[in-house]
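Look for chain A in each of the two complexes below; its partner is chain B in the first and chain C in the second.
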Partner chain A sequence: MKYETVIGLEVHVELASKSKLFCSCTTEFGGEPNSHCCPVCTGMPGTLPVFNRKVLEFAVKAGLALGCDITRVFRFDRKNYFYPDLPKAYQISQLYAPVAVNGHTEIKTADGTVKTIRIHEMHMEEDAGKIIHSPDGKTAFLDYNRCGVPLVEIVTEPDFRNAEEVNAFLYRLRSVFKYLGISDCKMEEGSMRADVNLSVRPEGSEEFGTRTEMKNINSFRAIERAIAYESARQIKVVENGGTIIQETRRWDNASGRSYAMRSKEEAKDYRYFPEPDLPAFHISDDEIKRCKDLIPEFAEERAERLVREMSLPEEDAALITASRNLADLFEDTVKICGAPAEVRFWFTGGLLSFINETGRDPEDIALSPEKFAEFAGLVVSGELKREAGKKVFRALLESDGELDLRKFIKENGLETLDDGELIAETVRKVIAENPKPYEQYRNGETKVFGFFVGRVMKELKGRADPAAVNSTVRNILGNSLEKHL
Partner chain B sequence: MRRQKALKYMKTDRNTVLRAAELSKLILTEDETEKMVTELGKLAEIIGNLDIGDISETGSEAAQPVSEAREDEVKPSAERDKILQNAPEHTEEYFCAPDTFDKGGDE
Partner chain C sequence: MTALETGRLIRSGKLSVTEAVSTALEAAERENGRINAFITICREKALMRAADVQKRIDDGTLTSPLAGVPVAVKDNICTDGIRTTCASKMLENFVPFYSASAVEKLERAGAVIIGKLNMDEFAMGSLSETSYFGPVHNPLDAERSAGGSSGGCAAAVAAGIIPAALGSDTGGSVRQPSAYCGVTGFKPTYGAVSRYGLIAYASSFDQIGPVCRTAADCAAVTDAVCGADESDSTSRNMFSSSLLSGLTGDVKGLRIGVLKESLDAGMTEAGTAQKVLEAAKELEKAGAQVKEVSFPYLKQAFSAYYTIAMAEASSNLARFDGIKYGFRAENFEDLNDLYCRSRSEGFGTEVKKRILLGTTILSGGYYDEYYLKAMKIREAVRRELDRIFTGTDLLLTPTAPGTAPLIGSGASDPVSVYCSDVFTIFANLAGLPSVSFPCGTDENGMPVGAQFTGRAADDGLVLNAAHAFQIRTDWHMLGSSLSAYRDSVTVQSHVPAGGKLPDEKRTLGKWGEESYEIRNSDRP
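This part shows the complex of A and B:
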């Protein structure tokens, strides 16, 4: 029998507010253990939470971007569980009136299929601390720096059928949140974490099978592996006449297996109740409108527009729009200098390879569109040849966009050369210095022609017009050949 | 609504008491369990009386919503050695607690 896998996701995303959800401690990642803590986030008696306005703005933007209805009067609820990572013994979360509900977003898989994923709800909650287990297993060392860092949890409907769709959704989510500037969504640092709810059923069946939940899978690759493993495990159980137990499982990436953590019978009873320390909050129409106005055009739509308006190849458009900062830089530069092809040339070749080589965060590239346009203008006007321009552009990027272009070009003698006599002189010099290839050429091995052109260009630091060098080399070599004959 | 329903239909039998004890991390003797079934049963009855009145118009939805929120500003955290003093056990850097085998948490 053929089986179908059915998957729903719960995704936790840390929001990039400066301070925590209910106190003014910093949300910065890392730091000395317990150095970002105060009586509120360590759950001292008598303290009271005060809601961070910025978190609401971020959550509303996220909700709107995911096509959700925003809950006009929302509340917080207490989720009680007893574990050392939670000093209050409860987490302030949302159950009864989450901030955003009933959303949807579109994903596109590699073969171009577009699919709508429904969002059940998105709620705000505080993150828990970090536990370091002592080697003898007796003591838990607790670092509460992460305690109280704001999170949103996005709960989808069971609309995914394979790992590719799941990852397409997570990439989309990451891109949208980064464009909104509300999270860095770094799976490896735990600022984006996914729990996978998975069940299997015979193909064509309408009923859902019993699902398991896999927790804390922390990379896109691990998600693929965990889904493949868990589907295969469940299908095997069903085919052998067994029943799936509803349970929480922990994915162990090292062994490539998932392990049962707790079954439904032992499932935690969270005894949710409305948080008495926080009043209900009201979101006004104005606030929602203000957030709506701040929602940018997202990566995929932007890429489609660049393909349409500037006839960029799809691949280039996707690369350029992967980061909002780079996409802004590209479009603003084109607007100033009006030469999309030239800007694209330096963007995809020069800038993106610079980012790859140096491992710089695309969001931190400080080059201004004015400076980039000035550079592109020099090349378009012919003052600078592309070959010589490579050195200039690299220096420009390394200086974080601070380089004085004309000064640098002058000091390094990189300005375009249209001195025909100098080119000819250089060609003659290169021929004289390379008797062997010259000999080969004379014997009819015309493929060494390119060697001479390359040498001359190098000698002239890429400043000369390649066409001029080409014809000069051809002339001089041809003449010498005739003389020889 | 969900809460009111839960109250109405909750019976304080032996299983309820044992479940509540488990959630409260308490170990009850047989005598204590019996006593709790009686006493909590009476308490639940009193609370159940709340159902007599119509309270559908009360609760936080009906209350005037207040949007008191603070600006997103970082203020200095507590000094670490002072905050650590609030726990019965700590090192120079960490709070300490007995470890558990159920590696749950991290919800």
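This part shows the complex of A and C:
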């Protein structure tokens, strides 16, 4: 029998607000243990939470971007459970009136299929601290720095049928949140975490099978593996006549397996009830409108527009728009210097390969569009040849956009050369130094022509006009050939 | 002496802050063996602060009516650097590094905290008997309870140790002990005083409020501690002018509704009901319109209150888990065992009972049946009270169905202890301002408390009605005279028939020469 896998997600995303959800402590990652704490986020007796309304803007933008209805009067609820990383022994979350509900977003898989994923709800909640175990396992240390960092949890409907769709959704989510500037969505650092609810059923069946929930999946690759493992496991159980137990399972990436954590019977009763320390919060039409106005054009839409408006190849457009920072840099630079092709050349070749080589975060690229436009302008005007420009551009990127372009060009002698005599002299020198290729050329192997052009350009540090070099090489080689005859 | 009088003497230079504070400290140290009102007395801190406050009074930067007045704070209100125990083994050695907003404001007004007051453990109880530090004894009769949970507040004020204390009222915890000890206790409108730093029992009911001799003192203390606090989202600015300045004593035309059900024979002791009716008459003489009103939901309100309070408590007290601070059991086997042992050993029976009940109430399968139903009743109570307050300005009830019981009597009949809150809890359920003031004594000479409850934010009206009663009667000074009798039999025998109080100095130490005129006719 053929089986279909049915998957729903619960995705936690840390919001990049400067301060925590219910106090003014910094949300900065890392730091000395317990240095980003106060009596409120460490749950000291008598302290009270105060909602950081800045987070609401983040959450509303996220909700709107996911096509959700925004709840006009939302509340917080307490989720009660004991754990050392949770100093109040309850997490302030939202159950009864989450900030956003009933959304949907479209995903596109590799084969180009577009599919709509329904969002059940998105709610705000506070993160817990971290437990660090001593190497001998005898002592547990608590770091409450992360306690109270704002999270949103996005709960989807069971609309996924395979890992590819799940990852397409997570990529989309990451891209949207990064574009909104509300999270860096780093799965490895835990700022984006996905729990996978998975069940299997015979293909064509309308009924859902019993589902399991998998936790502790920390990368896109792990998602693929965990889903493959769990659906295979379930199918095997069903085929052997067994029944799936509704349970929470823990993914272990090292062994590539998931393990049962607790069954439905052992499931925690979180004893949710409305948080009495916080009033109900109202969101006005104005606030929603303000958030709507702050929603940018997202990566996919933006890429389509760049293809349309600037005739960029789809691949380049996708690369450029993957980061909002880079896409802004691209468009702003084009706007200033008006040379999309030139900017694209430096962008895809120079900038993106620089990012790949150095492993820099695209969001951290500080090059200003003004500086980029100045550089592109030099190339367009012919003052700088592309060949020589590569060295300049690299230096510009390495200086974080601080480089004084003209000074650098001058100091390194990279200005465009229009001295025909010097070019000719260099050509003659290169021919003299390379008798063997010259011999080949004379024997009719014209493909070594390119070799001479390249050598000359190199000798001239790329400063010469490639066309001029071309014709000079052709002339001199041609002349020498004639002489020979 | 009242807080305002003490303040006046200090500001006029007739009494130094250090004198006032040392006298209070001495009285606290002397009396505590008998009444057990204090868990902690902070002599050194108080004297240091006294000197500082004196300096600021002298250089004119501190002019508040409470400047230099010795006060004490219930031990569930956090005080920076002074241990705050909630009268529990769990927090026996807990010293907060922050103060409650109300404490900060009280200190800003120049009041000097001399110690932390005994109470029911985590404010759970109505007799101050569940304290890990032993029960509070009623200064008027040490065999009797001081009431609870703010028993230490009421006892310390009634014994004349301090003129004002800061307590907390979740279901009557400020008002009922005030009634039992013959002093005035005020629960402001929910949100009028910041709860930041008050160790929560039931967050949606808890409210900090003063215990003093008079309504005027209560107004002065509330003025000092009230107002929106950015650390408490449920707090707000409620009063456009000072409560104290609004105390005219004029009640002409004030509509007072005597709550019929609260005077029923099955509900309230006859003597108590009688005194409350007499109080109503006194105010009627002063021009108030008194009529009977009915509020049929007293019992439902009572059940809803305990359901919600225990639910919230079970969550609020979960943080006391032995991990970060407070009591941690020894010899635990694993994490779960650490939790179980620490909480089993660190909490007293009453607290554990309420946590267990609250946990059950919030558990799957019971939530709808108990918690949601209680919340619906709470809404219905609010609506019904709104309706009643369209036809009346204040509700008058006894504060409690009877007077202070003997210590230990609650153990045999816990339900009757819970029932002593039956007239106080509806104000908490609806977040309304409510004051208890002494209005007579029973056949044993124990004080009877009457209670005014008003509309939300009508704190001024509530206090003014009690004030109007107090400028016409002297029941609020009863405690101080009784305490003098107790101090010295000789003094008692020397009370002049016509009416001067026994030597003030004996009760209140060596402050001022003032003494009080008491109309003998008002004596029992």
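One rule holds in what follows: the second predicted complex is superposed on the first by the 476 of 485 C-alpha atoms of A that agree within 3 Å, B and C clash if a C-alpha of one lies under 4 Å from a C-alpha of the other, contacts with A are read in each partner's own complex, and residues count from 1 in each chain.
What we mean here is this: contacts are C-beta pairs under 8 Å (C-beta built on N, C-alpha and C of every residue); 3 or more make two chains touch, one makes a residue touch a chain.
What you are looking at is a predicted structure, and each value in this text was computed from that prediction instead of being measured.
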Query: Between chain B (first) and chain C (second), which, if any, makes contact with A:269: first, second, both or neither?
result: both
Superposition-derived comparison: chain B or chain C, residues of chain A touched: B
- request: Have a look at where A:109 lands relative to chain B and chain C in the superposition and call it first, second, both or neither.
  value: neither
Task: Tell me which partner A:471 touches in the superposition: chain B (first), chain C (second), both or neither.
output: neither
Task: Please work out whether A:358 is in contact with chain B alone, chain C alone, both, or neither, and reply first, second, both or neither.
output: neither
Field: Contacts of A:250 with chain B and chain C, given as first, second, both or neither
entry: first
- prompt: Between chain B (first) and chain C (second), which does A:84 come into contact with in this model arrangement: first, second, both, or neither?
  reply: both
Touched partner set for A:39, first chain B, second chain C, both or neither: both
- request: Mind working out whether A:219 is in touch with chain B, chain C, both or neither, as first, second, both or neither?
  value: neither
Message: With both complexes superposed on chain A, which partner does A:277 reach: first (chain B), second (chain C), both or neither?
response: second
Message: Does any part of chain A touch chain B in one structure and chain C in the other, and if so which residues?
response: 39, 42, 44, 50-51, 82, 84, 87, 142, 269, 271, 273, 279
Message: Help me check something: in the complex, which residues belonging to chain B touch chain A?
response: 2-3, 19, 23, 25, 60-61, 63, 65-75, 77-78, 80, 83-84, 86, 91, 93-107
Field: Parts of chain A lying in touch with chain C, wherever the complex brings them together
entry: 39-40, 42-51, 78, 80, 82, 84, 87-90, 142, 269, 271-273, 276-279
Complex contact set, residues of chain C against chain A: 76-78, 84, 86, 91, 94, 96-98, 100, 195-200, 202-204, 230-234, 311-312, 314-315, 318-321, 323-325, 335, 339, 359, 362-364, 367, 371
Residues of chain A that touch chain B when the two form their complex: 17-19, 24-26, 32-39, 42, 44, 50-56, 73, 75, 79, 81-87, 91, 96, 128, 131-134, 137-144, 215-216, 250, 261-262, 268-269, 271, 273-274, 279-283
